[in-house]
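Next, two complexes with subunit A in common: one pairs it with subunit B, the other with subunit C.
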Partner chain A sequence: MVSINNQLSEKKVTEKEIVVALAGNPNTGKSTIFNALTGLKQHTGNWPGKTVSYARGNYVHRGKSFVLVDLPGTYSLLANSIDELIARDFICFAKPDVTIVVTDATNLIRNLNLALQIMEATNNVVVAINLLDEAERKGIIVNIDKLSEKLGLPVVGTVARNQMGLNRLKDTIDDIVTKKIVTNPLKIHYPPEIEQKIQEMTPELENILKGELNPRWVALRILEGDKTLIDSIKQYLVYKEIDIKGEVALCH
Partner chain B sequence: MANKPLPLSNLAVGTKGKVESILIDGLLRRRLLDLGVVPGSVIEVVRVSPNGDPTAYLIKGALIGLRENEAKHILVHPI
Partner chain C sequence: MSLTMNNLNKIIELSNYYQKNSQTSNRDKIVSQIYSQSEIIAKQAIRNNKDKTTDLDKRLDDILTSKIFGYPIMLLILSIVFWMTIVGANYPSQILATIFFYLQEQLTNLFQYFNAPEWLRGFLVDGVYRGLAWVVSVMLPPMAIFFPLFTILEDLGYLPRVAFNLDRFFQKAGAHGKQSLTMSMGFGCNAAGIISCRIIESPRERLIAILTNNFVPCNGRFPTLITVATIFFGAAVSALYSTIIASMVIVGIVIVGIIVTLITSWLLSKTLLKGVPSSFTLELPPYRKPQIMKVFIRSVYDRTMFVLKRAVKIAAPAGAITWLLANTYLNGNSLIDIGANFLQPLGYAIGLDGYILMAFILGFPANEIVFPILIMSYLSQGSLMELDSFAALKTLLLDHGWTWLTALNLLLFSLLHFPCGTTMLTIKKETGSIKWTALAFIIPTSIAFLVTFAVAQTVRLLGIL
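The block that comes next holds the complex of A and B.
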């Protein structure tokens, strides 16, 4: 996890660099988008193991420098595997300025699960609907505007291997950074008993998290029994006076 | 759809089932939901590894390997 700490300190040193994370299911063309945006040709694999490196690259758009970080391809952000843990910790604790969720236009039902999970953790999200050409061949037409309206986020259609939509994607990322686009991600409503628990936990969590993480999202993870998030909060947010485990015991 | 639901692990290669319910809670349930195993999903049994476990299933457009001790918790209606 050293690499995330490096990432954090690096971000603070070079305040002007804008950090953009690239998330998505496996096989959505994530790395193709990465290579197309950064001009890198080689593919850096992400695999479970001791040394985990993200593929990182830079691009310049509208005279600004952007750092693009390619996260491991995952189906979920719930830390079921080392890949998911890496993706989650990066999004939550390295706090990229914008997260791109790359989705496969031919299989949105599978892909939007991850998008919804990321939208619960952070507001600064743009959804890229990739492989639009393949979808068209299969007779699938994606209503981009409608999807954008429903999700409360900018949605950009892309065909990464032909560079289609990538300028629009870069514009959109910059518009989120400059707050020209203000996102309002769809909020998932849970059954009343869960919503009530969230309400009960929120004030305490707001105290602990001090705006660093979305309390609603953390409450949901705790209710789900996700201990890895508590470990990561301890690791990255370093609260010396508060025993997070103790707090959680109270919440249950 | 009048068939009685049975564990996904009982389906033969080449057949399909529609998910009725998932019988476990916790991390494995969450994992299965994330992989697209939700009530109403259609799952096709694609192939079985040489030693009989795990089995490859086609779930919502992705080939997913599940072990017998995972698949047995998924109740499906054969279709």
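The block that comes next holds the complex of A and C.
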């Protein structure tokens, strides 16, 4: 990522800043978490070249500076819509240091769906189970430790509107950055015919991708017939027409 | 480290190879596997305590989306929002106006003190400064109240219920039920409303939603609607009820907008955009207690300041241009008079006048400046007066031959006319087609002329003026 760093230094984002992406379904309190963490230190604008609105903010924790990028709220990462494309491209090509997946405790199945997809693309994930108060009112009790164990990731329970759990969340993010917590995200096993094709492709993809992207993830996109992946690779990795991290840093 | 074209070609080859041999069912298999995995994990980590389940949400939904109470409650809530906006905006607007006109006097004195030429003072103070002052004092207070109120409704989870209530009508009109959500966005800004039409997947229904979004009065038009409704309809009754009447007039205008939207959508789906409405699932999110302070800060900080900045950017040059047009003479007539005289017959036919039409044309860049331009062109004709109250404004309008018909048709024309410049650009971007962009201009404009013409002719024929 040499060139990204070069460009970044020109663009006022120092290398010391840690980039954290905030993903999640719509209506999970993602914005509440974003606002609570960054306060009014925010920049809003549009995603580079897109008409989807975007927000970025800063916070300091344990003496380190973190940049929090609010991704569009999406139900999946399958690039069905522009919102999903933006979220996917940021996670895969800008490679944030940590990605937070905000989930709605009252509707965990649908929310974990997105979390599992993000875990396929990156290892550095922390899951925030938000709206715990609402879940409790509905008689839903979430076993945070169990969830963390199953997912192989840190899971933090939050009630963002009351600031509950946000310090834990910030600690956890930092622990991932400093490798104090090592994640081992659960990988989904697909039906044999699909797994076999993934195996077929992986060695060649490893060669081609040179560590820029996760081969298994790329193999899955190829198998599902994703039409947007080639364009994104061309834009971000070959031509570097768009430096997604740098451009986003510039957006005001 | 980065990839080369060679790497990319290999990926393309690979993907061509596997996509040729694979069926479309791969995607389904992958997606369903992810979903079932989520289900397994969620079930292991969740315990459901059924007895505690409250069905308050369900009971609220039964009332708010009921066939009998749904619509009246909707209208009531809308009226209350408008009423609060009108009542709340009135006082700060007056204070701002007083301050701005006091400053205008001081600026004038300053220019005279330095013996600056009169044309320079006129251009800068009467043109640029006054244009700005008008837009800020008229626009800022209603925006600062309306935006937070609307955001609170959104936060509460009420807007999806509105979509649910209106779904039936949109289905009948051959449009998508989510169109009512894109319409709610249009209340803030039609350009934003048009962008939000992306939530409608079917291209046919998305086009319908884009072409009709303009019939929701955006925030740039609200101040005009509020001002005109207050001084012409509110003032007709005692002060106690005037704000209530004014807000009911605005609700009426919004309802006219919804009806025109439905009729236009229906006509489009029978002619240019034939097809059947697609079904969709609308998720009704749980009701939530809105975070009032945060809503207030965010909506003032983000939305209000954003819209205001845009308005100010356009208001300054628009004020300058209006002043130039009003002070450049050709054969003894100012350019603005010439333009207005030219448009007068058309304006009269639809119950307006040449100056009003002229203001709508000059205000094409942004709806916010239509009314300020109109006031400035009226003012440029006669003696300069201090416009620091609604009463003074009413006198000015009455002096220029306004009647309740002028007021009513201005409201209607403002509601129905062509979208502003920004919105047109957004439509071009979103549809990628000149044809649909042109139609987005032609359809509302034709409707605006037709409706106001019909109203004006009926009123005059019946002689009820």
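Just so it is clear, the second predicted complex is superposed on the first by the 212 of 252 C-alpha atoms of A that agree within 3 Å, B and C clash if a C-alpha of one lies under 4 Å from a C-alpha of the other, contacts with A are read in each partner's own complex, and residues count from 1 in each chain.
One rule holds for everything that comes next: contacts are C-beta pairs under 8 Å (C-beta built on N, C-alpha and C of every residue); 3 or more make two chains touch, one makes a residue touch a chain.
Note that the coordinates shown come from a computational prediction; the quantities given were computed from them, not determined experimentally.
Look at A:I181: by the touch rule set out above, it reaches neither subunit B nor subunit C. In the superposition on chain A, contact of A:I233 is made with subunit C only, not with subunit B. Legend: residue contacts after superposition of the two complexes on their common chain; A:I82 is shown touching subunit C, with no touch to subunit B.
Of the two partner chains placed by superposition, A:M164 touches none, neither subunit B nor subunit C. Once the two complexes are overlaid on the shared chain, A:R110 sits against subunit B and subunit C alike.
Set side by side, subunit B and subunit C differ in how many residues of subunit A they touch, and the one touching more is C. Within the superposed three-chain model, A:L205 lies in touch with subunit C and out of touch with subunit B [touch as defined at top].
In the superposed model, A:L220 makes contact with subunit C only, not with subunit B. Residues common to the contacts of subunit A with subunit B and with subunit C across the two structures: 27, 76, 78, 106, 109-110, 113, 224-225.
Listing the residues of subunit A that touch subunit C in their complex gives 1-3, 27, 32, 35, 40, 44, 51, 76, 78, 81-82, 106, 108-113, 115-117, 134, 136-144, 146-147, 150-151, 161, 186, 188-191, 194, 197, 201, 204-205, 208-212, 218, 220, 222-225, 229-230, 233-234, 237-238, 240.
Within the complex, the subunit B residues that touch subunit A are 26-27, 30-31, 34-36, 60-62.
For subunit A in complex with subunit B, the residues that touch the partner chain are 25, 27, 75-76, 78, 80, 104, 106-107, 109-110, 113, 224-225. Touching subunit A in their complex are the following residues of subunit C: 1-5, 7-8, 10-12, 14-15, 18-19, 22, 24, 26-27, 29-31, 33-35, 37-39, 41-42, 44-54, 195, 198, 285-286, 288, 291, 294, 297-298, 301-302, 426, 429-430.
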